[in-house]
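So, here's a batch of structures to check.
Two complexes come next, and they have one chain in common, subunit A, joined by subunit B in the first and subunit C in the second.
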Partner chain A sequence: MQRSLYIDADKCTGCLQCEMACSYENEGVFNPAKSRIKVFTFHHEGRFVPYTCTQCDEAWCMAACPVDAITMNRQTGAMEVSEAVCVGCKVCTIACPFGTVNYNQDSGKVIKCDLCGGDPECAKACPTEAITYVDADATGFDKMRAWAAKTDNATAAN
Partner chain B sequence: MNHLILGAGPAGVVAAETLRKLEPSASITMLGDEPEPPYSRMAIPYLLRNQIDERGTYLRKQQDYFAARRIETLVERAQAVDVAAKQVRLASGAARSYDKLLVATGSTPITPPIPGLDQPGVTCCWTLEDARKITAAIQPGAKVVLIGAGFIGCIILEALVSAGAKLSVLEMGDRMVPRMLDPTCGRLLQKWCAQKGVTVMTNAVVAAIEARGKRYQVQLKKGAAVAADLVISATGVRANADFLQDSGVTLEHGAVRVDEYMASSAPDLYAAGDVACGKDFSSGEYSVQAIQPTAVEHARIAAHNMHRHRSVKHQGAVLMNVLDTIGLISASYGLWQGVAGGDSSELLDESRFRYICLRFDGERLVGANTLGMTQHIGILRGLIQGRFKLGKWKARLMENPLQLMEAYLAATQG
Partner chain C sequence: MAWTKKLLRVNLTAGSLSEEALNMEWAADYIGQRGLGTRYLVAETDPKCEPLGADNKLIFATGPLTGTAVSTGGRYSVITKSPLTGAVACSNSGGFIGAELKSAGWDMIIFEGKSPTPVMLHIVNEQAELVSADDLWGKSVWETDRLLHDKYQDPQMRIAAVGRAAEGGCLYAAIINDLHRAAGRSGVGTVMASKNLKAVAVRGTRGVGNIKDAARFMRSVAEQKQVLADNAVTGQGLPKLGTQVLMNVINEIGALPTNNMRAVQFDGAAKISGEAMLEPRASDGKPNLTTNAACFGCTIACGRISTIDKTHFSVQNKPQYWGNSGGLEYEAAWAMGADTGVDDIDAITYTNFICNEDGMDPISFGATVAAAMELFEMGVITTKDTGGMELKFGSAKALTWCADQVAAGAGFGKVLGLGSKRLCEKYGHPELSMTVKGQEFPAYDPRGIQGMGLTYATSNRGACHLRSYTVASEVLGIPEKTDPLATDGKAGLVKAFQDATATVDSLGICVFTTFAWTLDNIAPQVDAACDGDWSVERLLEAGERIWNLERDYNMKAGFTGADDNLPPRLLKEAANSGPAKGKVSGLDVMLPEYYQLRGWSKDGQVTDKVRKQFALPA
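Our next item is the complex of A and B:
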């Protein structure tokens, strides 16, 4: 059974533990700026919204990559960037309509959430269960997937 | 079913793969007229920089990838199509029949009317063969003149500098990348290049290229001549549709005019990628975008309709570009020039080379230009393609255009 990150923004307190855990796991530093999950702050509304790649079916990033550097991990369902193959052209960063593939100027490659190979650190670090790692067809996640449909530029006729 | 695909670039390859998934037992043949495995032109700048080898440019890395999927690949040039007989005549003299045909022959650099362009030290930068020629010619310190500071010119600019060339860039327009960046972006980019030691001359029209022994003199219409060991011409591209001239297939802007199903005017003949004049998402009009994301999108949709006609409709491709010019990253989306009566929200930090300009049509985002931005940039596509009504976030974006992610989250999670 594949699992997905399920985000319940109402539970988020904005403590940024997820960003810390992510950057440490993936970049070896406690630096939210290098995190693949981002918590967005809504000052007016006093709300926090953690946000990262939904590993969408469309996989815009994967389709756009000119050198086949992004592939799907069949075990986790995550789209993963191969650092060795990526040339840093950034086409995936503009093709992803969710803004979840980012260019890292230090490495000259792109970074995106890869579900930590099936054991996501952000979910483990979150003290309020705003981020959980659950069965893919559990409720709520479909809502995020539905956005993908909204931005899909091919629609089935009939 | 017998599917024939002309062209082995990203469009051809994605169409072949998609067709194979849809039709496990169909016959699929893909022709390319370059003697290489299917590769990506986009990867050429990284080859010039020696960051990858030729294998690194291949669209699919696994050996026998196509054979394993029973996709027949041939090095052959299509010369003409008989749409009534459903047959393609090849340069080798042979002919191939098809049930469904996909034209994915891409584009070729145009040859501007400059005397002396056909000399050995003058080249384009379009194919792997061109890249080999450039690599061989660039010794550290070699003087290179790049004609054209458009999208392709700027993309290879950095590669040429890092390969050790002493580069001069000549652009006939009044700014860099005039078809992708607004005047502010173009001006900043030029300033950036100057700071990095690369002279970009704008309003510079080349009159002739003259040989001087083993070197060249690039003569401008106004002003001095520039000396060069190698001249690279990057002045735009045109669709490879000449072989369809006498076929009766409707061409527009020199490309194959397709409808929302990627179908041409001829039965069972589809087109995708740089060779297709297809629907633009933002304007609703038909144009040739000649970019990689559009090529693969076209291909996927064309393949679905080759499998079952009118099964998938194209909403139009969002124009998008990203450019890295010696470390300064620029991007453009959709109607980046803005629309009549629409608002714009701009933020400029000249000293840090940072800039963003959002273009609205009423409450909707329809286009953008950015400079120096790398984080969450794709959300611009999400906002444009989702056609979200921004409501109160429009005013917030007018105040601070950097709050894009917040605007998107509010629009989608509300």
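Our next item is the complex of A and C:
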């Protein structure tokens, strides 16, 4: 079974535990600046939104890469960057419609979420379950359940 | 390790910057943040120096755990000599700039001297420069933040700044970082402005590493995050209601100071409580609280993000205040609410916004307004002084007017900006100032919570709840329940809380973790991260050393045991209602025992024996 990162922004408090877990796993230091997942703060709206790669099946980054440095991990479904092959041309960063693949000046390569090989650290570090790692075919089930509950109430009220 | 082992020294007089190795011998004894920052202040300044003179220094200090994944590990402190109290000041803040500074590679910044013209410090990793702030002087914190983000085009840059209140000489001006987190107390913002330093803007992309045993650290951090999640206070109460969870609780036990501490219970408490912040309002159906929010790395997330009712008189013609910003914490809601008798939650949310926007400590501001209201009621302050405004207890209009005046440093706001002690002295009634060492009380009446009387009287930075929060034990039963009306055992309780808190404040983590954590939970995380062996005993010893260092500084600054006192109201006028009815503070019983436990002389001096025990500087 493949799983996907599922993000429920309403539960996010903006603590950046995910960014620290991600950067520690990938860079060996606590460094939000080098995290593959980012939490964006919309101050005046009072909202915090974690955002990262959704691992497109027909991935723009993979299609755009001229040296085939981005390949799919068949087990996890993650699009992974091979550091050894990447030449740092950044074409993938232009191709990605969501901006979730980015250049890393320190290494001269691009970085993106690789689902930590199937055990994503961000989801484990999140204290509020704003980031969970769930069945890829059922990411909408929680929302469906919530709406289903409301539908039942409406029926009962009639 | 865990320290970057580097500090940035900024000589504002010369406009020069230099990098220095952190004194790791001192770090071994004083840890970081509050302790280590104070050690540097003690070494480098004369305790008798003029707080707003060029000889005072201003120190921004992180702790060894700042910027790591430990829960709440984003704290920094500002250490200096306070213009409000004349004592050592150490104001602790969360938000994100502390971790950013660490990630840029710096444990500490020491500002010395005074710049001839307004400047700001811009740090990008190892690059640091002083930049003219002529264009920022006279601007609020919020405007400064916006202008700097526009100028540098870096949305991730973290900013700490002073507002118009500090520039105008308000003695309880705060340094605000990340728009609504504050190094709030004792006028550290006033010192910053006195040096013509408007802002510090930081971008750090190096990250925090140097963890002694990273695998053990990550395991310990995960375990202790779970402890916070499983605890009723840190896992449920604080995320849901914030510190405002306390408003109704403290009112019920008769320890909610009201109307400049004339009363101990407030009829309007429920209307300004955490619960009230969740109630949908009539105008738009939205509650005051939009969401809770976390500081860097914090898995508790007690922060409040709120809006003001757009139809409320305070903002109806000011759309710039219609969005979300930092909402009410308990102390602020108490000072600007119960203590002034104002039960209008939109009015106090507005004044809270103003305190953040222009950098004022809401506790000192609210308590000073409360004192002014009492003097107004007595006819000592009149509309001639205020220019027409009637400063009546309970008047939301008067409160919001006061906030605008102090923020702008205008008119009667200049007088209110002096703080309660100087205000009451000016009008010939020093006994009405609810302060210790010149700093205003927070939100717990020492007649109904006896330990807090000793806490306030002996706090090294003037009246403060965060130096030994015995409310945890006396009200919440953490770590064990003690009787809030009893004085027995409180001297030992206060000392234990003071020492442990000094430790926590020096590590880079938030004292709110201690609702769930003891040093038994903290020590393994410190030990996994930091060079050397860090047992509970060593941490406690460091805490006691830090406490004595601060005390020694204050004594050298001219304080004596006579300053460990409370206003006569709390010692002579009994609580007039609730469970504490008939009680006064039993400070006279607790204080001698406290001195004894500290090993100090009968008049409260740090003895040579204690100085030697902790190897305090001469």
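In this text, the second predicted complex is superposed on the first by the 139 of 158 C-alpha atoms of A that agree within 3 Å, B and C clash if a C-alpha of one lies under 4 Å from a C-alpha of the other, contacts with A are read in each partner's own complex, and residues count from 1 in each chain.
As a working rule, contacts are C-beta pairs under 8 Å (C-beta built on N, C-alpha and C of every residue); 3 or more make two chains touch, one makes a residue touch a chain.
These figures come from a predicted structure and were not determined experimentally.
Subunit A is touched at more residues by one of its partners, and among subunit B and subunit C that partner is B. Shared-chain residue A:T13: touches subunit C; no touch with subunit B.
When the shared chain is aligned, subunit B comes close enough to touch A:K90, but subunit C does not. By the touch criterion defined above, A:V49 lies against subunit B but remains apart from subunit C after alignment on the C-alpha atoms of chain A. Contacts of A:A21 after superposition: subunit C is touched, whereas subunit B is not reached. The interface of subunit A with subunit B does not overlap its interface with subunit C at any residue. Of all residues in subunit B, only 10, 14, 40, 42-43, 45-46, 51-52, 56-61, 281, 292-293, 296-297, 300-301, 304, 310-318, 320-322, 324, 327, 329, 331, 333, 374-382, 385-386, 404-406, 408-410, 412-413 touch subunit A in the complex they form.
Subunit C makes touch with subunit A in their complex at residues 67-69, 71, 96, 99, 103, 156, 179, 204-209, 214, 218, 222, 225, 229, 239, 290-299, 301, 303, 305-307, 323-325.
By the touch criterion stated above, subunit A contacts subunit B in their complex at residues 9, 38, 40-42, 49, 51, 60, 63-64, 66-68, 85, 87-91, 93-103, 105, 147, 150-151, 153-158. On the subunit A side of its complex with subunit C, the touching residues are 13-17, 20-21, 23-24, 27-34, 43-48, 124-125, 127-128.
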